[in-house]
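Sharing a structure below in structure tokens format, with a few things to ask.
Chain lettering (A, B, C and D) follows the sequence in which the chains are written, and residue indices restart at 1 in each chain.
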Amino acid sequence: MTLTIGIDIGGTKVAAGVVDDDGKIVESLLRPTPADNPELVAGVVAEAIKELASRHEVEAVGVGAAGFVDETRSVVRFAPNLAWREEPLQKKVADLVGLPVVVENDANATAWGEYRFGAGRGETHVVCVTVGTGIGGGVVVGGALYRGRWGMGAELGHIQSVPDGKRCGCGNLGCWEQYASGNALVAEARRLAAMDPGRASVLLEIAGGTPERIEGREITEAARAGDPVALEAYAWLAGWIGQGLADLAAVLDPGCFIMGGGVSAAADLWLDGVKESFAERLTGRGHRPLADIRTAELGPSAGLVGAADLARMP
Amino acid sequence: MTLTIGIDIGGTKVAAGVVDDDGKIVESLLRPTPADNPELVAGVVAEAIKELASRHEVEAVGVGAAGFVDETRSVVRFAPNLAWREEPLQKKVADLVGLPVVVENDANATAWGEYRFGAGRGETHVVCVTVGTGIGGGVVVGGALYRGRWGMGAELGHIQSVPDGKRCGCGNLGCWEQYASGNALVAEARRLAAMDPGRASVLLEIAGGTPERIEGREITEAARAGDPVALEAYAWLAGWIGQGLADLAAVLDPGCFIMGGGVSAAADLWLDGVKESFAERLTGRGHRPLADIRTAELGPSAGLVGAADLARMP
Amino acid sequence: MTLTIGIDIGGTKVAAGVVDDDGKIVESLLRPTPADNPELVAGVVAEAIKELASRHEVEAVGVGAAGFVDETRSVVRFAPNLAWREEPLQKKVADLVGLPVVVENDANATAWGEYRFGAGRGETHVVCVTVGTGIGGGVVVGGALYRGRWGMGAELGHIQSVPDGKRCGCGNLGCWEQYASGNALVAEARRLAAMDPGRASVLLEIAGGTPERIEGREITEAARAGDPVALEAYAWLAGWIGQGLADLAAVLDPGCFIMGGGVSAAADLWLDGVKESFAERLTGRGHRPLADIRTAELGPSAGLVGAADLARMP
Amino acid sequence: MTLTIGIDIGGTKVAAGVVDDDGKIVESLLRPTPADNPELVAGVVAEAIKELASRHEVEAVGVGAAGFVDETRSVVRFAPNLAWREEPLQKKVADLVGLPVVVENDANATAWGEYRFGAGRGETHVVCVTVGTGIGGGVVVGGALYRGRWGMGAELGHIQSVPDGKRCGCGNLGCWEQYASGNALVAEARRLAAMDPGRASVLLEIAGGTPERIEGREITEAARAGDPVALEAYAWLAGWIGQGLADLAAVLDPGCFIMGGGVSAAADLWLDGVKESFAERLTGRGHRPLADIRTAELGPSAGLVGAADLARMP
């Protein structure tokens, strides 16, 4: 049994954990992300590693971070949340901790975690879609992460769903994540509630009265209570997710899609709708198997576990 | 030096050729496709193989066919042009010729040919887009064709470009190939010429006077002669191709795109436009290298050559 | 009590009738439209008029025809169905019959008939939308038809619903009538049935087994029998109609919409959906009254009755 | 010669003027709009009227205000900028000043001003499109403002241009004013400049270095200096304006469009593009006259002048 450390650098917290060969977390800890000062992140990460390494015999470290990670798994070329540009994260951390380090895109790490120890076990072609504030993606094919030529593959949230559509933080118009993410769900529910407050009475009551206070949690609660606007917002989300999965299936033809991220906790409200939308829009339907669409199993620690496991790979 | 036979089954002709280790065609022949009677196709293919095999020492046969080929590279599950459904083409041909046979999607075979002997040599992540009457696609990653879980990967023409857009032969609305194929170019040029015949005077003269007679060849000739409608149609095509390549880059992050198919012959009229459109729409632009976009090198025989080479693979 | 004659020139039949001050049809007759030879249409119309005039004391004639009628109500500038170009229909008919003649767009005549004697009585701002093979429109404001500067107002079917959408017979892409007409309903039902025959089993059985045989009548029957594809097609139609009405309300702010044409016979299948879609999409909703949406009352003779009444107007 | 007073209530300033029969402004004054306290607006308006009335013999007052004005020209039902809801503005002002008062939507007043004394003189069917931060519209037909059944006609900025497109302040998605207004121009120029700063070097220099500082003025200056991003943004704007005008022509068939608002000052940068886009997209083109598209003549005082003239109408 060998141990490695996995790190998941989020916008607010750094999660670190010691993980064994079976993907079990032996020990974990959380540190606040010094988001104001991205220069300090490597130090925080290194401190967490050193603390864990002082109590466990670990062989390597895998770090998952939001952003474009280059093809050498060393440099974060661009991270929207942390204002990193060409950050040599691998070298910084490795120098501080004296262990082998690999850096990976966080959604890729999540996909790997699910593939190895979660909902993707036994599959050969896995597309993992993380539906949170945005959409993250990871693709595992033939036992390896699909990283692309420059390490920037599987930026699944940025295929275009609507020409001249809603503006995306990436600078383009109409990206999938403007329609199929948790933020998109919230925006749509707020819009519908503002247009017709009477119809959204349950949702608005849960949210304290104003559309601006509606967040994902409120939509979920209201939908489960039968609020028509909350249900419509979830149906809308499911339609767009299904369309995007159909596009991805045209390109990647996976055996399964794994749906992760915060929105996956409310899968009862959208999974059937996604399957229906996907099946209606899949090109060649009727002449090919339907990829299974399932929810992730590892929850929020998938990225950490995946990063730790990736640290074992040469 | 070993020899194999490559076959390219088109809607009107079956091309067959003996190909050497270097992708050189030693001998080739053409037979009409019995399109009215798809039952007969395997026989025509077998006859061509036997004729070539009578004059060359060949080890195996690769057959490229339009349609969904299953993951065992044996069965054509669905072929729009030949009305095949679950056609056991591999077994039929192998039984008739007594040689090892593999069947492959024709666009995949083309991609493989270009990767091995053409515009993709030396690349690790290649996306080949064949722009003809429709759009075909093939993806080569890490020295292997990307085939997907069920053999139906890289159906690139069927990502959705326009929600509720033009109807596609696949049954969906708004597929990329309704905007970025040779047929789409013709439809747009005809539409523009019918809307404003005066502006399309050169194009209409070349086409014999009526929009319905406009085909790709006429648009190309008129565009080179400066006809504003023909130029506008090509610019329109280039914009849509570039958008689709940007979507593919978000998913696949290739090192290069290879543009093949009939439209590639007029690359002077659209390649710059495609590069510009791609660069404007690529997510993360400025923080990543731009994939190169280049034309195919092997011409119409790429599929045959690729199929022959794939026959060598276990 | 004065009598006038109203004519409705359709693609297959010419309907003619003697109409009194109250919009009652005193006598009517039908003649086949010589669609192959549009030169002959005026003659057929004149014969019908003469026959009716031989039995009734009539004062004037109103002729409704599909197409762009000029602002002098004399010339059909362009008629898609009859290949008329700059047809001086008013003069031709008047010369043959020796009565005052006015020519009007058929959808305008229908709108006028409904305004005067049907669903629009007592209203001041009426938008009539005729949903048949295409979409026709007529607008009545302040007691007069809205005809526009050149007589070509209220071509409501040709506002754009989808940029780069389905091709319209008018040469544009994405016109409303490609989404909200009877033909659009049929195309969508066929598409859905071809994509998923199992789900459309009732519809396909009614239609004799193949998607190509599905027409509006079959969709209506299947929808009433609960066929999910037929119901989905009607819901889809209703959504698009409602969106278009919301656009029209932004411009015209009518007191009511009158829905006519062949599709109106199945209003039980779409009227509620239209109202819902309209209410969801109306700009300023909540701060303005909702225009009423109702079905036409006069049925297929609305155009004839309206044309006859327009003949009384100076 | 009779005199009336026209008022134009803007978001920051109240403009008031004494206007004669010929649309000439005899005297005018400006007051700050008490935007924080909409209760006070009627008082400010009344003070301005009383001051002017103390020096001129005036017969009536016309007040133009942004928002939905009811069909009795008395109540502002909803004003986005001033947080008015069901504001009885006519009564409030009339009670304070003791003169006949009519209230009108500001874009309607502008259209009327241009129709009577500006670019619309002599026309019978005028559509005035005010392109400023949003889009306002006014329609004059047969010598009268087209107001609709409830006074809310000609909300031209809220026809849908893009299904599921950019979110509009009105609560809908994809409204025309999200693509064809001054704000849309600024958003697009910022987006393009952020995507490719090198290409926008002139524009960014003029704007002080950052995309966020780009406003309309900077885009205009940069476009005139040849900046490719500024020119592209203007071409994009022109394309969308032209599309919307084509939609309006399908419904209203006007003799001319009058383009007003802040953006009209830079007509050299977009008017030709609008005409081209309009002509390409007009349904029935080739079979109908093209409406003329021209810029407004009265400038920012059109609303005041129009409101004053409307005060003369019973």
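Keep this in mind: a contact is a pair of C-beta atoms (placed from the backbone, for glycine too) under 8 Å apart; a residue touches a chain by one contact, two chains touch by 3 or more.
Since we're looking at a predicted model, the values are computed, not measured.
Colleague: Return the chain pair with more inter-chain C-beta contacts, choosing between C-D and A-C.
Modeller: Spelling it out, more C-beta pairs touch across C-D than across the other pair.
Colleague: Farthest chain from chain B, comparing Cα centres?
Modeller: When every chain centre is compared against chain B, the largest gap points to D.
Colleague: So the centre of each chain is just the mean of its C-alpha atoms; given that, what is the distance between chain A and chain C in Å?
Modeller: Once rounded, the distance between the two centres reads 51 Å.
Colleague: Calculate how many whole Å lie between the centre of chain A and the centre of chain D, each centre taken as the average of the chain's C-alpha atoms.
Modeller: Computed from C-alpha means, the inter-chain centre distance equals 45 Å.
Colleague: Report the inter-chain centroid distance for chain C and chain D in whole angstrom, where each centroid is the mean of the CA atoms.
Modeller: For chain C versus chain D, the centre distance works out to 34 Å.
Colleague: Chain A: which residues touch two or more other chains?
Modeller: Within chain A, residues 161-164, 171, 195, 285 contact more than one other chain.
Colleague: Would you pull the chain D residues touching chain A in the complex into a rising list?
Modeller: On the chain D side, the touching residues are 162-167, 171-174, 179, 187, 191, 194-195.
Colleague: What residues on chain B touch chain D, complex-wise?
Modeller: Its residues touching chain D are 163-164, 195-197, 279-280, 285-286.
Colleague: Which of the residues in chain C end up touching chain D in this complex?
Modeller: Contacts found on chain C: 68, 77-78, 85, 123-125, 137, 139, 141, 146-156, 158-163, 168, 170-172, 175, 243, 246-248, 250-255, 281, 283-285, 287-289, 291.
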